[in-house]
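Each chain gets a letter, A, B, C and D, in the order it is written, and its residues are counted from 1.
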Amino acid sequence: MTNEIHYHDYLQLDKILNAQSPESNKHHLPAHDEMLFIIIHQAYELWFKQLHHEVDSISAIMKKPALNDNSPELQTVVHRLNRFATILRVLVHQIDIMETMTPMDFLDFRNMLRPASGFQSWQFKELEAKLGLKFQQRHGKEYYISQLRKEHIDIIKKAESEKSLLELVNAWLERMPLAPAPGPYPNPPPTGEGMANTQASLIQDASISSQADFWNEYRIAYVNSLAEEEKNNLEAFDEMFFEKPRTLNPEPQTSNPERSLSSSACRSALFIMLYRGYPLLQLPFQLLNILLEIDEQLSSWRYRHMNMVHRMIGTRIGTGGSSGKDYLKAAADKHYIFKEIAQLNSFLIERRKLPGLPRELEIRLGFAG
Amino acid sequence: MTNEIHYHDYLQLDKILNAQSPESNKHHLPAHDEMLFIIIHQAYELWFKQLHHEVDSISAIMKKPALNDNSPELQTVVHRLNRFATILRVLVHQIDIMETMTPMDFLDFRNMLRPASGFQSWQFKELEAKLGLKFQQRHGKEYYISQLRKEHIDIIKKAESEKSLLELVNAWLERMPLAPAPGPYPNPPPTGEGMANTQASLIQDASISSQADFWNEYRIAYVNSLAEEEKNNLEAFDEMFFEKPRTLNPEPQTSNPERSLSSSACRSALFIMLYRGYPLLQLPFQLLNILLEIDEQLSSWRYRHMNMVHRMIGTRIGTGGSSGKDYLKAAADKHYIFKEIAQLNSFLIERRKLPGLPRELEIRLGFAG
Amino acid sequence: MTNEIHYHDYLQLDKILNAQSPESNKHHLPAHDEMLFIIIHQAYELWFKQLHHEVDSISAIMKKPALNDNSPELQTVVHRLNRFATILRVLVHQIDIMETMTPMDFLDFRNMLRPASGFQSWQFKELEAKLGLKFQQRHGKEYYISQLRKEHIDIIKKAESEKSLLELVNAWLERMPLAPAPGPYPNPPPTGEGMANTQASLIQDASISSQADFWNEYRIAYVNSLAEEEKNNLEAFDEMFFEKPRTLNPEPQTSNPERSLSSSACRSALFIMLYRGYPLLQLPFQLLNILLEIDEQLSSWRYRHMNMVHRMIGTRIGTGGSSGKDYLKAAADKHYIFKEIAQLNSFLIERRKLPGLPRELEIRLGFAG
Amino acid sequence: MTNEIHYHDYLQLDKILNAQSPESNKHHLPAHDEMLFIIIHQAYELWFKQLHHEVDSISAIMKKPALNDNSPELQTVVHRLNRFATILRVLVHQIDIMETMTPMDFLDFRNMLRPASGFQSWQFKELEAKLGLKFQQRHGKEYYISQLRKEHIDIIKKAESEKSLLELVNAWLERMPLAPAPGPYPNPPPTGEGMANTQASLIQDASISSQADFWNEYRIAYVNSLAEEEKNNLEAFDEMFFEKPRTLNPEPQTSNPERSLSSSACRSALFIMLYRGYPLLQLPFQLLNILLEIDEQLSSWRYRHMNMVHRMIGTRIGTGGSSGKDYLKAAADKHYIFKEIAQLNSFLIERRKLPGLPRELEIRLGFAG
């Protein structure tokens, strides 16, 4: 039958296995290790494609105005983020293979590749943009423009112009008003679209005052938990969770251009961390946690990559003209995408000192049964 | 300039990133995880191509009649075998990614793939053949013939017909007559081509009798090292190192069709393990060791693969019609390629009881300086 | 102040770092690698203690008659099982360190250790027992009795006599009557204690007949999904989920001594796998999945351990008198503790063919909001 | 017999398994995760002890005035350094386990540990000192003095006062005068003790002028290999290999207090990298390479450790009063011990442009046979 699938065709191996044309062969100076160099980069790009496939599907779900708690959607998001992190772990490990190429072996063909550079991996830059890295946060902003082709820049710019995963997470957290601003100033009532998800709706109508009470209570407990030398953490606390705190007008919530998460999103995220034991908060907690894991793996990847480049070419200029090591170092230091979530861990208090939740709220955080 | 290399073209990403056509899309029943299924298999096949690149280059060096000790050749062999093992380690790790696909997710597209099967990865089977797995040693011998296309069977058959790495290692060990048969029967003088490598030539003219003495002495030391319940190891010792031992005609050395290493190759390998401290034996020792590492990683790969299949489809028939798990289990148990080298470890004795080497031989095992 | 904690005292490093007394030193034949041998085994035992700490806490929670869905309990169980698996992964990796000890290095002190043997690690055997490995399922049953001290045998026997994790999982699944036996025979009403957990109670009063209908419908869908050569899977299906199926008296449910999970537990587990997207089933699904991961890691550990022993001593008798490799091989093949959960994957059907759930049930599988 | 060894006694498990006394138990506020916290740190300390065992044995060998090439010594050094790196890889992986402890779980007992801190791990600081980290290179120099007990400071100070591995490597490289300073100024004749090792002696009497010629030739080839924007690398080249280059008095060779490797050591190291294919240079090349691997793993450990601390306590003050994250970050950035070896990779040239070696030297770099 003509429709029978064969492994070889299904995987299009004629394409995949015939896509390696070492430059050193063209120069009649065959360098054994160039094949490795090509194949490892192709393997990276294949996996980048898969990471795009995952993040696209995750963002599509998160974009729905009301992520439905009573459907598999949130579970699917968490599952795919976990896969994302699992792939990153293999990508970090893969550097071990690259490190079997010694500097002398690389020199055999290195000059033949100029000015190509790993810096031109537009898929990776597009991925950073989809996750939430903004152009203005990039190290060496203008640099990637000069190195990349117009069509690739356009791809990245387009990704930058759309809602990033980080923005979608922020919106999802904001729709979940677990943590309204404390009194005396009024808690902005949750309004309009995007509010229909259960995590949000079941709580939004809880008495405003009891919620304001909650945050006042929590703030006091937090102050009391601080060691003497940590007392100035309170200022950071107020800024994180109430922007211009203790003043009459806390809006707009994201007035600080450096911030990606609004105060109200931060309150929701902290609430999730604190009360993760309630059924409704279990998957949200996993979601926040896996974002930190992704940041950490991306960071490890950049860091090991930097060490590898350092070992490979020392302080010489990379094939693309960059000082590869310095770029990677700066990127490893600066390109944490979900760093504000990590910072929330500064504002936890001991479980046994947590304010109790009103019975009414507890019920809503539980199962229907 | 037209000759400028660009990352995107150099890696032929137009081919690589456009080689994924999920069947489920064609059936208008898109299954998210099919992309992962395609990409992970493509990543495996890319790495298999790299493994072929390495083993081909290694075999080409090992095929030279006289592997030159005073050139980088042996070092290159060891270096590339180490890379081979490093890649295998990543391939084992990569199974973690596959395991993020749950059985239910697989079912969404599994039936659309029939009768394709990972069993049809001719690159992997060709690789096993190049390393030294013989057709008659394969589990389910006829099976792969029925599953594979003629052109792929031909590729594998061709690999089986050529000198495998295992055979080349055997020949290399035989050319290194460190361990001739003990008296009274005469030590076959090393003859002819393929004997010019230093590891061989420097020793081959050492007095036959002193070498026979060596093995008699070693055999006695070994017997003395055996615990009571191990006494029958002596028989295995004699068979391993002297084939029909203590009889008058130990030839032909590889009369046992199950054996891949001749008695004389085994003697050389054991000698290397025992006296690996001498400069001349350091790289040979590393070479033997890395072969065991490769076998172990291949074995781990099959084993984890089997566990993964078991978790994925339980006891159901695979898409190719095989009971995937049973095949992989049998292959994991049987397909050790370098198992005879591992067995040599049964015949070591304590360092402090090792026979001393004649001064003349010691000099030849050292550096020129 | 006297109450200040110091790292060194807190960790009791005076004990930990002074617990290495190489035998080879006592024999005045110092063997460098014996320190490694001691320390790696101590590191293993430390981690075994931690694994006990986790499994004890998990079992304590699972033992509660009504595991409360509206408390953090199930989440805690899943979290700690994940940690259990994470530790196992490091233990597998740790074998890499052991493999840096060559057979010759081991021989330097191996005989001084007789008859000690890794086989005497009572903590590991106790752990297997706590997870669910029964004495009669052990390879070489009588063997461990002859090797272990009475006090250690007693510890293991005690663990065998108590509810294992596997039994607790079985009871937890049985309390969750998502999958009663199909008609005409009556669904045993959930009775007595241990039934109060939400996952159970919210469903137990759903109409019996609709549940019987469900399983009849599912059984038909499963039959239709089978390929021609898989048709005999139906028998296995009936045995797995209805014990003596289609007969009048399916009780007692665990009449098959080989089975650890009853038919009704298997039905619940399958139901969880099929409908894991519903909020109430998300953590139960994670729980089942992580048990398979634990089995797989334990299996990898035994398998790599076996390969390592093979590489280290070949076919010689271990220091404890065992043929270490054969024991480890048999244990790797036989000691899957949660294998019945893995087998359930043979009985899944495609998501798009799943029977829909009654609206009433859907509500109960969701959140309260 | 009373002398029979038992696993339990041999490993002193009564000590090891009874060295965990959680503070939270003493406070009657048992925190489940404190056991993990204790055990993982004990596991780290056990492995640190093993790393000390390895580095001590390595340094003892390297201290011998004439490391004997015709003995197993250099191979032993390389083997043990490889083990050192293998252990570090597991220590990095072990952070995965720590990361299963969430910040809220840590808070349950964190305050009970003050002011204990991982910073008080004197074994790790002593290890850094033995490898070659000097007090003046440490980030937060005075800091560790204020945190550590006097007896532990003394231990570290003692390690700092002895020859570090880095200094021993420098001396070993200097004894191997493969790379004397180029003319016209005279090549200092290798003198006195410590010069007897073959790698040294076989070359030291080679004609000075031919060696000076070699470096002049290499320097020209290097200049020619530089891209336009790299031209100032020549200055770095001269400084690296000839200290105050092209002047009349290049001595003393280590006048730069920032340098750990003298010019002549750097020349030897570069020579080894360039001509690693010659038998005599194979193990020296492996040795240099594994030192870079060790630096990289230490760096990865600090980096992942930093990320983990960041995730765990955000920007709060650590239990020991430090801002743990900042210290670890600075240490990761600054504490590369073998960084000068990595820098040598900036000064390689393509293999096909390497100066040929005089036949006489080639012979001496080979085997005796």
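The rule is simple: a residue touches a chain if its C-beta (ideal position, glycine included) is under 8 Å from a C-beta of that chain, and two chains touch if they have at least 3 such contacts.
Because the structure is a prediction, the values reported are computed rather than measured.
Against reference pair A-D, the listed pairs B-D, C-D or B-C yield one interface repeat, B-C (criterion: more than half of contact pairs the same by residue number). Interface comparison, B-C versus A-C: the pair with the greater number of contacting C-beta pairs is B-C.
Distance between subunit A and subunit C, defined via averaged C-alpha coordinates, is recorded as 33 Å.
Note: centroid distance subunit A to subunit B, computed from Cα atoms, is 42 Å. Separating the CA-averaged centres of subunit B and subunit C is a span of 34 Å. Annotation for subunit C: residues touching 2 or more other chains are 276.
The touching residues of subunit A, counted against subunit D in their complex, run 29, 99, 102-104, 107-108, 111, 227, 229-230, 233, 236, 273-274, 276, 289, 292-293, 296, 299-300, 303-304, 307, 310-317, 321, 342-352.
Here subunit C touches subunit D in the complex through residues 4-8, 10-13, 15-21, 23, 32, 35-36, 38-43, 45-47, 49-50, 53, 57, 79, 82-83, 86-87, 89-90, 93-94, 96-97, 100, 112-123, 149, 152, going by the rule given at the top. Chain contact summary for the complex, subunit B toward subunit D: residues 69-72, 75-76, 198-199, 201-202, 276-280, 282-283, 362-369.
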